[in-house]
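Shared chain: chain A. Partners: chain B in the first complex, chain C in the second.
== the complex of A and B ==
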């Protein structure tokens, strides 16, 4: 294990930034989100939950997919990915300070976008990224990652780091992580094992006492799919839902998107953007709609996270317990309430 | 060149046929004049008019047609409205093929086959019917029941009357919803007609049409003694990507675009009723 004094972190960022892009939690207009690092930027590694999850690093909120030039009856397609790939190859980037829940969320997204047939837009960015995670030391009341088997005290990633009052501790886990370490190791000194163990134990003690630490997921199994779907309590659980979609936008694992065209002076741009299963036109077709009520849309979102996705992915839930939806829903609806209502006996 | 399912190919419309007042069939080839890609019966493709939008359609021509692809498209929304205005020579974009096909070798070979279609539901069935005709000796008796609102709404009526009706060991039954001048055939809804025909329940059946027709026809077939595990249909839900990622066509643990659109009725029983 390596360590670097906290006051020298700027040197570390600058060193990385010499050859690679660097994205990290940075405060801008009062909100902490992942932004490009630069001298003088207000880095906030301690911020537990960035407002937006880091998913937009790989799956941007909007992105152009291709262009069409039309002339008379003819069409020419301009593939924009070659530019994207060249840029990613020229300048691979580091995502620094990713928390355990958000890292797990990237694994959840990988199973969607990197499954055959691969989504190359996502893949190009994903391959260009080295992810440096940061262990949590002060989890909040809305956190419940441990319910999904995530260890906030020792997140995975290409490099895992821990931060205490004096030092940042650094441990490479993968080849990408080793390569990054080689780039910056002159700034580091050896040591930190004991401090990291102490922090892990302290954090663990907090995690065990969190209010949602003991949620029971035992009923969310593929064999209960239809029984859960038909549960009469979806009506009351969803009654207050406004269909605003905030939960889906702050969610680190929500991956639904729309593909649309718009006409510009230089031709047609086909782009994709985040979409939400909470919206009434999400499933609207010319001949009808399979989700006509907000209850159906609400049910779709939680069934997907807790039952459908796990049935497709060897039991992996597509909720990581980050708690963003708990904090952000204007109606105080959230997945915790759904788990408590439907999850199992231990929730009572 | 990066391999990608989301980037379409350019297709050229080489023929437009008006089938009914609101259905046109478009013949499409690549810019090199050849067929755009291979497919199997029941598979779909994303067709788009850039600047307007992209929609999923079943490929109505048979895979055995090696020259071109055809799409029978009903005018019922903003994209199909524009598609209907397109003329021969116009380029469009096409990507695919998407979805699981009818398993014409594993499930259909050696079987007597019953095809039941309502309205534009003939489009996906035409592909499999013509495939079966091409390899006729591999399949048993073929019975086709096709219904539409009126005689003018029967899609591909010329092919049905001139070719399908003259095929050996093949029976074709047509019906329209209400009596109409110039129509001396059967009048009545498909589900009722199917029950009247005295069909042999040992056939493998394929249903395609409006959800209400499928529901009542399936009930009728089960009443006659058909085996549910040998009845197939296709589903249609909103789609954007076609590769199981955009989330729209999710039903239970399935995505209609990649796990469907062809489903065995017993598979549908296991899915939540939301399609």
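== the complex of A and C ==
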């Protein structure tokens, strides 16, 4: 294990930034989101939950996919992936400070975007990234990652780091991580095992006391699909839902998108953008819409996270317990209320 | 506040038991003291979860668009500021007044859990309100806060204690006096140079994730189908495009609700990126006040409004705001 004094972190960022792009939690206009690092930026590693999750780095909210340029009777198709791939090769990037829940969420997204047929737009960015995770030391009341078997005290990733009052501790886990370590190791000294173990134990004690630590997921199984789908309580659980997209857009695992064509003076741009199952035109097809009420849209979101996705991915839930929806739903609806209503609490 | 909650609960029970109303719209308990959610109660049993406390900031009026069209009467608890939105919705024929029983309730200012957390308090498990003091317990310790520091943005300027509509009231204590400072922030923006102001809004609006929470919660945004959601409109905009979000979406929305916005502040309350959207609306309100005389949308549920009526003496806004005559 390696360590670097906290007050020297800027040197570390600058060193990485010499050859690679560096994205990390940075405060801008009062809110912390993943932004490009630069001298003078207000880095906020201790922020547990950036408003937007890091998924935006691989699966941007809006991206152009291709352009159709028309000249007379000819249409030229410009594939933006060539540029994207060249840029990624030229300047791979580091995502620094990713929390355990958000890292797990990237695994959830990988199963969707990197399965056949591979989403090459996602893949290009994903391959270009080295992910440096940061262990949590001060989880808050809306956190429930442990329910999904995630260890907030020892996240995975290419490199895992821990931060205490004096030092950042650094441990490479993969080849990408080793390569990044080689780039910066002159800044580090050896040591920190004992401090990290102490922090892990302290955090573990808090994690056990968190109010949502005992959510019971046992009912959310593929064989209960019909029973859960037909539960009469969806109506009351969803009645206050505004049908906005906040929960889906702050969610680190929500992955739905829409693809549209946009007409410009020089031709047509085909883009994709995040979609939300909360929206009235979600999955709108020629025959109409398969979800016509807000209750159905609401049910879709939670059934996807807790039943549909796991039934196709060996039981892996597509909720990671980050708690963003708990904090951000305008009317205070969230997945915890759904899990408690339909599944219960282990202590009950 | 506990006595107010009990009185409200008692009244809700009576109304449901007697069959005077088919449902009561209020708030129900969440996982914590600080996360009650709006709810519709149809039976006395359901009222077991009923709650009214310092975190019931949500404006319930908009739920009446659907509820007031259902079978039977709907009773609703409205705080003074929510009553303006109610009137505005009646005026625009979006809710059916005769199907609604309005219970005007006391409000001592509502609290913002995000402001509590911004004080560095994490893992909040309990909040206790006692007069002007609020005690917050967390897994990391206990903190006493002053209520004034943690008021919701919309309560930091308050239209006051008068309900603009009521069929009955539950008010047990003196309510706080109005805080007339709602144009202070607007004045600061007006004092900026154009470039500074542009930079301010650009930085703020850049954060927009286009979740539409501001639009969907807004009682003035009550179109059955928003033009931006309508695939047939030709301008449906789901993509989060910097230029559009920064320069158009929120400004279009502010224009659309100008003269109808009651300044209920819900847009800023719900914004996940804390963009001060209410300032756009307040700028319009300030301008309307200056150009046409003081006007407060939602004060009444009828009558003419400055932007929807014409008189020959109407000002030419462009001249009045210091522009060149065209």
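Simple rule for what comes next: the second predicted complex is superposed on the first by the 340 of 348 C-alpha atoms of A that agree within 3 Å, B and C clash if a C-alpha of one lies under 4 Å from a C-alpha of the other, contacts with A are read in each partner's own complex, and residues count from 1 in each chain.
Going forward, a contact is a pair of C-beta atoms (placed from the backbone, for glycine too) under 8 Å apart; a residue touches a chain by one contact, two chains touch by 3 or more.
Since we're looking at a predicted model, the values are computed, not measured.
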| item | value |
| --- | --- |
| Clash or fit, chain B versus chain C on superposed chain A | fit |
| Partner chain in contact with A:284 - chain B first, chain C second, else both or neither | both |
| Partner chain in contact with A:28 - chain B first, chain C second, else both or neither | second |
| First (chain B), second (chain C), both or neither touched by A:275 | both |
| First (chain B), second (chain C), both or neither touched by A:96 | neither |
| Chain A as apex of chain B and chain C, Cα-centre angle in degrees (nearest 10) | 90 |
| First (chain B), second (chain C), both or neither touched by A:51 | second |
| Which of chain B and chain C A:300 touches, first, second, both or neither | first |
| Contacts of A:113 with chain B and chain C, given as first, second, both or neither | first |
| Partner chain(s) touched by A:242 [first = chain B, second = chain C, both, neither] | second |
| Contacts of A:260 with chain B and chain C, given as first, second, both or neither | both |
| Chain C versus chain B - closest C-alpha approach in the superposed model, Å | 8 |
| Contact residues common to both interfaces of chain A (with chain B and with chain C) | 258, 260, 262, 275, 284 |
| Chain A contact footprint on chain C (complex, rising order) | 30-32, 35-40, 58, 63, 114, 117, 122-125, 138-140, 203-204, 206-207, 209-213, 215-217, 225, 229-231, 236, 238-241, 269-270, 272-274 |
| Interface residues, chain A side, partner chain C - complex | 28-31, 33, 48, 51-52, 61-62, 138-141, 206, 209-212, 236, 239-240, 242-246, 248-250, 258, 260, 262, 271, 273-276, 279-281, 284, 326-328, 330-333, 336-337, 340 |
| Chain B-touching residues of chain A, taken from the complex the two chains share | 65-66, 68, 70, 73-77, 79, 81-82, 85, 112-113, 115, 117, 119-121, 222, 225-226, 229-230, 255-263, 268, 270, 275, 277, 282-287, 290-291, 296, 300, 303-304, 307-308, 311-312 |
| Residues of chain B touching chain A in the complex | 1-8, 10, 48, 50-54, 76-78, 80, 87, 89-93, 236-238, 240-241, 243-248, 250-253, 270, 272, 274-275 |
